Amino acid sequence: MWGENFHENSDRDREMMARLYPDGMHGAIAAGLSELLGDRVEVRTATQDQPEHGLSAEVLDNTDVLTWWGHATHGSVDDAVVDRVYSRVLGGMGLLPLHSAHFSKIFIKLMGTSCSLAWRNSADTELVWTVAPGHPITEGVPSPIVIDEQEMYGEYFDIPQPDEQIFLSTFTGGEVFRSGCTWRRGKGRIFYFSPGDQDYPVYHHPDIKRVLANAVQWAAPQRSIDFVAPAVVNEPAPRFRAQLAQDGEVSA
Amino acid sequence: MWGENFHENSDRDREMMARLYPDGMHGAIAAGLSELLGDRVEVRTATQDQPEHGLSAEVLDNTDVLTWWGHATHGSVDDAVVDRVYSRVLGGMGLLPLHSAHFSKIFIKLMGTSCSLAWRNSADTELVWTVAPGHPITEGVPSPIVIDEQEMYGEYFDIPQPDEQIFLSTFTGGEVFRSGCTWRRGKGRIFYFSPGDQDYPVYHHPDIKRVLANAVQWAAPQRSIDFVAPAVVNEPAPRFRAQLAQDGEVSA
Amino acid sequence: MWGENFHENSDRDREMMARLYPDGMHGAIAAGLSELLGDRVEVRTATQDQPEHGLSAEVLDNTDVLTWWGHATHGSVDDAVVDRVYSRVLGGMGLLPLHSAHFSKIFIKLMGTSCSLAWRNSADTELVWTVAPGHPITEGVPSPIVIDEQEMYGEYFDIPQPDEQIFLSTFTGGEVFRSGCTWRRGKGRIFYFSPGDQDYPVYHHPDIKRVLANAVQWAAPQRSIDFVAPAVVNEPAPRFRAQLAQDGEVSA
Amino acid sequence: MWGENFHENSDRDREMMARLYPDGMHGAIAAGLSELLGDRVEVRTATQDQPEHGLSAEVLDNTDVLTWWGHATHGSVDDAVVDRVYSRVLGGMGLLPLHSAHFSKIFIKLMGTSCSLAWRNSADTELVWTVAPGHPITEGVPSPIVIDEQEMYGEYFDIPQPDEQIFLSTFTGGEVFRSGCTWRRGKGRIFYFSPGDQDYPVYHHPDIKRVLANAVQWAAPQRSIDFVAPAVVNEPAPRFRAQLAQDGEVSA
């Protein structure tokens, strides 16, 4: 679980964050995963203020699924770290960009679009509707999830058409948002999930914790994955010895 | 433009329909297409009460895009006519199932799912948001379209994941619906669009007329299409004369 | 594992089948699943010649994933059984239609297309290439799988665009085929896999057995699934009490 | 039509190129478009050796569809020009990356993957099979297209799953390749097409010219498109005045 850990320490938000997220948002999300998945996972946290943002090659070499929350300081994330995460995703690591991570360097790099959206912070109620019942990420999740107060994220969300549309959200203001989406990139799986904001206690919501726990399991790589990103291959020899048949030629 | 033409003639709805749709819903939709597309299209109507529901082989042989509105009498549509339409869609004819046609035999047959949904008739306001800007069906369409009063259609809508998600709708009740979806079946293109109901004058709404006019153009087949549904082919001869190369064998 | 069990007992093929598949093709496929999955699955077989084709309501109520092989007698499969399987798939049961089951009633009903293809029985070598590395169905599967002799299945294969394209096959004749495809229908998952034919011992191939074992696990429903097919819902009350805001109105 | 124009002027290839492509590859492609589309298009060329690679803001402001051929000098394409093209694609310009442009900066940036593949230059015959009959890009194109000699491009091709799979290619060596793929990014449409190489006269092939002419028309933006890339929007006011209803509350 990677957290920007900025709001937690900013003069403006320190007091509110201490109340909503005394262990930081990354701490709250990590605690939710541990609570629901127990021994099935080893949960660790890393934050942007650590050396290499806490994402050294060694750390990534031991990470199956990376959960990413960032907002205010996307621009100061080191490109070398972004490239390292990118390569590991193509090699098979799962990635869960959360909420304002729609504007993180790593998400934009993997999507190939601007990832821009419409937003308004006016304590809208958000309903999160399941449109892919039977998908593992929806296991045990009610439809809709009701989030009493949340920042509004609305369309147009500039993303590639998702491989799988899992959740759609509506807001008291009448807006709609593709709030739960999956894509495959290389050998890795990505699940973007928008609920969650520094101003609201969304990551303590039991249904949101359930979605994240499900998604971590869904995004986990196969046992045998090698985490080597795909690369160009110069095929030395053909599989067939063949030539084009002439018209009318009958096969043996 | 095919219409069930039932509400128009039913004791319960005749008076209301005469006020909302004096030429029938099929008449209103056809008029909208003519108004916006002019000489680019030849618009004809057919109704369920005609022989062969107005969809004889000859009529279909001369139809590029079929628009379908049905609701109360899906069950009495002749299976032979459904099979004829199905075959023509696979052969390249465009199909626009509208609103309650989600439960038409032809739509269910092409989707392979129950096509069930949630609904409530309580004069909700519907907002129709574009999530595929740049798609031809959205040309000249505001986002959102505002429909003051309309039946609510909500998720879960049991359809295959659309090839392209064009519109998403929200309702004053807080629901969401995948209201504009495309699929390809065989050589034919399908656009399902949910706004439109016998109780509300939705088909007179200028933005709805625009969507339908765009969709008719989008769903039109290529000039050279032969309308022959795909069929099994026994390939007489291979294209290559080939055999599997042995390990280490070097290609010529 | 459901088998048509026709070639096994036909005058023409009995001798060959006794040599290639002494326990029937359904027996060979079932044995492969048991060999690779052991206690993780309970494998049972059913055949078309049994009462209700071996697929009574009770049997289906206890089936998580149904594997389907049919070829010569698709037409005599009872529509009532097809409807029962269809409903269970929409409710969450996994389905694996194999090879010539592309023309089974259940596959056509779920796809909404003709499912026709090109074919030639001339002992082509088939190469099965992975195009979705990292997908659970590809775990432990080499790319390409080499099948020395197999019936050729080629494009155009008239199917809806797959949700996930897993495998593509080439043949010594130069043809290509979308040989491994997934779709979701309702709450259920479908994996079509084309390798496998009554004239060749393909189901004894270790890589093919691996694909089927992987696919059975992938298609298995969530623990909490209720196997109830989606149905229409009349929403009694809205989630929001709302009305359209007037232009320029400021939210509370 | 943008061309790298490197092989045309390199010591190694100048002689061969003068024979195969006396007007450069970009010249041959441009001529094919003009031949087939006539007055419907205005075809211009630009090359990497020009100032700003011939792609100034003014040039792009007057470009509806950009066709891109590059190979040997991807790395020296200016990032500022790549960003300019990227922004214009998200705003609605069509893009056709050809053959070795799979490794161009612009294609990788739009895909979010490595875009690596397998290759072998041994004069394989390539067959290009249509798997989306009825798609405008396939209009008038035989299946398969037969290219007598061509570089082999094979899977695994590390791309996001295409929005639409149009063509699949096989080679005399037995390989397969997803040779014709579409994606939407922002408001723009992308068609990658792999046939075409500096060592073979593929761009003089009438069927290849037909595909490119079709694709240019398909990728052209709507008439009203504004070419402004999507950007974040701070929604000032909600569309609905709403609050969450209490359980059991009946709507007005």
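The letters A, B, C and D name the chains in turn, as written, and every chain counts its residues from 1.
Everything below uses one rule, namely that contacts are C-beta pairs under 8 Å (C-beta built on N, C-alpha and C of every residue); 3 or more make two chains touch, one makes a residue touch a chain.
These numbers were taken from a predicted model, which means no experiment stands behind them.
Chemist: If I rank C-D and B-D by number of C-beta contact pairs, which comes first?
Modeler: C-D
Chemist: Name the chain whose C-alpha centroid is farthest from the C-alpha centroid of chain A.
Modeler: Of all chains, B has its centre farthest from that of chain A.
Chemist: Roughly how many whole angstrom separate the Cα centroids of chain C and chain D?
Modeler: About 35 Å, centre to centre.
Chemist: Per the centroid of Cα atoms for each chain, what is the distance between chain B and chain D, given in Å?
Modeler: Distance between chain centres, rounded to whole Å: 30 Å.
Chemist: Would you pick out the residues of chain D that each touch at least 2 other chains?
Modeler: 122, 125, 127, 132-133, 144, 146, 154, 156, 161, 163-164, 172-175, 184, 186, 230, 237-240, 242-244, 251
Chemist: Linking chains that touch, what shape results: line, ring, star, complete or other?
Modeler: It is complete, because no pair of chains fails to touch.
Chemist: Taking the complex as given, what residues does chain B use to touch chain A?
Modeler: Contact set of chain B toward chain A: 125, 127, 129-133, 143-144, 154-157, 161, 164-165, 168-170, 172, 174-176, 178, 237-245, 248-252.
Chemist: Using the touch definition from the top, list the residues of chain A that touch chain D in their complex.
Modeler: 90, 103, 109-114, 116-120, 122, 124-125, 146, 148, 152, 154, 156, 158, 160-161, 163, 171-175, 183-186, 229-240, 242-244
Chemist: Which stretch or stretches of chain A touch chain C in the complex?
Modeler: Touching chain C: residues 92, 122, 125, 127, 132-136, 138-140, 144, 146, 163-164, 172-174, 184, 186-189, 221-225, 230, 239-240, 242, 244, 251-252 of chain A.
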